[in-house]
């Protein structure tokens, strides 16, 4: 009946068990691998451990073996999973699989669900989402989409180039967005296609060497050269791809924020532990005012991020698009999380930039989040435009 | 059972009616007076209008004529009241009266409630809270309290100097904090005393000329020179003053944030209206990227402030001290609100620093909030200390 | 033959004598008047004292009674004068007179110099510069100039509205910029006209109530309604007004920076003195890390401002327009000076926002500098455009 | 006789030739190796090319084959060298060799100069400077120095642990700082020792895996276990090590700033080139206001850094310690350069975090500069303390 910020007992319990699982099981593996794992064996072992601990697939509906959390529930659990770079992989809630499962549950046909969603939800296979294209194609501006899908007998032929396709190496299937009407630069219509990994018309061009390295399966450049798919490869309706992308986008933005907020908390904990023990100039590091300022600013950034995530999730769970709320939360969180990790590095000094702690690794991993899922600048532009439009309406 | 950010229908209705009242009734008066009113006639007219509109005293219990809102309910309504500099005065929720009512309801004896709380709640009289002292007395550090109260026959004699006592001019009574045990610099014990306005031992030394000017009754320097009060002037228990101050402090911090958040929204609305209509270099101001950035950053700061206020209010309503949550919210809000008003000024350009809009006035009014109720630096120090203490406990 | 940052002995001596004069003579008057003087008697007394001290009119050539400093020399001396809000007035280097003298020396005919420059240089009269117009006229975008001057028999008739005309009340003459060809929105041609104070076609509409109040003669709205001036009222050449405005603009931007840098240093000195004496939580304020951070950041901002001013002045003295260097310096200085004063307020706490020190006044006075002489956003746009143009040329 | 910011014709010529050399010769090698070279062959080839181009060793006196630039001259030339990560290596002005040469020229005996400085100046050997120790040893606080040197027959025995010793792998000799009197935590006396690479008492413990990777020879942890050196291994005087460290420190701080300023300019050039060509939402990237803002802020940060470096160098060349000036410049530059690279990454979007451009590499390389050579917090503390001391003196 009134504002309640408690996640409820079941979610609280799952979040707590997730936190324990991450600390006891995941972090030792993370530290052994310095945060970066691309071995499918390690992935499967972690996921089996998560199943054993009863924390696997918290976001998927019970029908597909998960806990069926809504967005607010995910906020509590994903943050705990994100406390380690490998936590999301262990729980099968890493990008892009988690967002793909979300979208498949919402859009796919029953047959598609059995064929793609079920094995994805259990961790049997992985997936990727092929949207972004090299300039001048689709990036910040989806309307620039240049990959084409033309009707051929019994299906479609996809032609185009995609890059920064996270997780594409080793993925069991790809959800490929291609233009099915209109011209690049005009929105027109796009369609999502389910492309099996063994389709001979889809090829890995290269692994893109990026600042971040922890997302499983890497950032890949893919070439679609006469890639033919059957009619039932269409996900949802033809020409509805941009609308579906929006369905995926809002929640996917938020789950990124949740996971990286976990890393921000981890960075803060590492820094605070250091500040509590390290002596400098005859004082404990944590007794120095400028260090206290950084610690406090980290707490503030973490708390504010959490508040914005909850606002956006609440709107999403009420059924709204929450475009404004998710844009605000994403912009703030991406920058706040970056600041938190950067301050943690600074507090730890030379230790902070060494591999003896994972802070340098975290810094590399979170930097791109200010760019992917919409650069901060694009979000600010969209936020302002909505405010101005609201104002113009109010005047009329 | 789970996260719910809706304020509930009754609060939503009261907030909506408050918003309408502020726009229709209060803002015309505010604009006529350029935001600064120190006439008791105008105060009484505004308060009568609020009573007529059914929005008066939302925070006081029904027994004293109010709506009995908890902190979360206040968050929704006070923000709407704060949309005008005079809104809180009209609703009788301005500082320091609002915090005093809160404390009197919690601590005062039944007789004290009849004598002080009832006329305060109806707006018949005003009050003030005499805590802060000139250096080296009580300021950021309450433990430096230097005003003394000594037992005399049938009562107490208070001696000391207070300054920045908001609203003291014309107040019906003063709640004066004085040391009743221990030495300045050691916490010791303090006691709160109810001092009637006509007590000959309490004198207004001067009106302090400050950057802000809108708080009714000004910022006053008071001298207590052999100010004798009877035994029943003690509010609550002797030597419990510091604890009561904490009771007052957390909620008072939050209600300041709520009210000033209203002004931040107002500043943003003024700036957005300007950006939507003004042409520059052949473009609408609102189409320029750097202006959009300021508009978006304002939206982000406003949303994040609201999220932090809710978190702190939720903790307070659950019965906690919420020291960490209110410190985090106060620090962020005070700085965020300042940034919002400053950006609004910048968006409006020369108009923004002219008296033709109230933005320059708002800038002056919100600047001190980064200092009173604890400077940002003091809060950051306290926030960091709590985090470090938590860490030290975790290690043991 | 190589980098030398010494101002040379003569300038150093004048700067030192100016500093002494400001501390001994000007600051007592400033404190008496809380920084705001609009009495012509006080102005004349201060200027006489400056003449007696041999520090008057450092920027004007010897022919007109000054010291003939180049821009680099002004950088050293104006900063010292700016240490008090009244220092520039005392030395006759306040805006807009100082910039007008600079321009008259460069452009005016010999007769115009005798009639306008000589009495201005001695402080006998004051002047103003009427360029800015209410929206949608000339503001950040000079090309929007809407005031028109049409040829009439034996002269010109000026029609239009100007606002934020600093110093217009009581000025002996106005330099009015009016369009003499082209349409508003296209650059076209503008001309500068010397308009005597007693011209019946020029009227003070109102004093604009602004956040800042210390510039002598206020910010005025002027109406030109059929204001007829003779042919020899044209300053320089017809249609060359925009070019002359650029001549005035670069140096005028820099002298603003110099003067306000003086205030920034003053604010820092007030804050440091406070930090050195005030005790808090058992420590000296200046021993607290977060206070040290603010003090250090102020030093950094002051030093960086000085460095940028010197770079721009050196370019100006070499004869360049220094558009990029002055834009960079102006943008940085206006924001850095604001930050310095704001931090000084914060260091001083409640004292800082009281009239007991002048910091609140300084805050009000420096805020508009981020808007006038080109808002920071306009400068950033121009800076970026030049860089991009340079890049495009490099590619070709 | 007055302010002159021209570097003089000879320095300007050398700077220009250095710029050309870097673009034509060094950058192709840098791009081939993605910025990270640890092959001595490549180092020797680059250095030979620099000798052929007449730009080698600009800082060393002619007696040792260099151009004998003073600090102001280095400012102009090192910035050009720093335009590539490999430029300083090519010119033999990379850290720590460059600072060691500077110190050896100032302090070493003639014999030591022949034996150590001459081959170092020609690039025949490399060197390192072993000062920093793991906590609780010497880091930000040199007084915590824990490595001991005890007198033994005919010399000294050094015992202790050092880490983050840049360039130690493969260095011909090490300058090791060890305590020769007093206790850790008290300043006492320290002495610098020249330790040959083949001394059996000095061992590489490990390569520290750090965020940055481009400094030749890596960051090494060294163990001194009964490392015996002869009497003539003492550099300068016994117990004067802390004073010598100061001699090295100020200039070494500045040369770091100069070199990294070059990288900042490079990052800006990459971003501007991108902004000039890339289209987004139908506009050129460089026409979007928020991108222009980042470009302009980069220009401002670069110009302000240069101004502060010049101020500090001018003081150093006049013979002062310039402790305040170098601390101010170092603090600002380290943060400004970081901001510039970070903004350049943001402008370039996904390209910016890919290995297709070197911006992600630059980000990694410049981050530690906010920590080494004194963390920003330590410098701010020292800056504020000097200001407060100046104030206290002024009061007395």
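A, B, C and D are the chain letters, set down in written order, and residue numbers restart from 1 in every chain.
By definition in this document, a contact is a pair of C-beta atoms (placed from the backbone, for glycine too) under 8 Å apart; a residue touches a chain by one contact, two chains touch by 3 or more.
By chain, UniProt protein names: A, B, C, D = Acyl-CoA dehydrogenase family protein.
These numbers were taken from a predicted model, which means no experiment stands behind them.
Q: Can you check which chain pair, B-C or B-D, has more C-beta pairs in contact?
A: So, comparing the two chain pairs, more contacts are at B-C.
Q: Quick one: which chain's Cα centre is the longest way from subunit D's?
A: Measuring from the centre of subunit D, the most distant chain centre belongs to B.
Q: Provide the C-alpha centroid distance between subunit B and subunit C, rounded to the nearest whole angstrom.
A: Here subunit B and subunit C have centroids separated by 38 Å.
Q: Roughly how many whole angstrom separate the Cα centroids of subunit B and subunit D?
A: Chain centres of subunit B and subunit D, defined by C-alpha means, are spaced 51 Å apart.
Q: Can you pull out the residues of subunit D that are in contact with at least two other chains?
A: If we look for residues of subunit D contacting two or more partner chains, we find 288-293, 377, 380-381.
Q: Could you pull out which subunit C residues touch subunit B in their complex?
A: 132, 135-136, 139-141, 143-144, 163-164, 185, 208-212, 219, 278-282, 288, 290-291, 345-346, 349-356, 360, 363-364, 367-368, 370-372, 375-377, 380-381
Q: With touch defined as at the start, can you tell me which subunit A residues reach subunit B in the complex?
A: Interface residues on the subunit A side: 1-8, 11, 70, 72-73, 75, 268-269, 272-273, 275-276, 286, 289, 291-293, 295-297, 299-300, 303-304, 306-308, 310-311, 313-314, 324-325, 328-329, 331-332, 377, 379-381, 383-385, 387-388, 391-392, 395.
Q: Help me check something: in the complex, which residues belonging to subunit B touch subunit D?
A: It is residues 288-293 of subunit B that touch subunit D.
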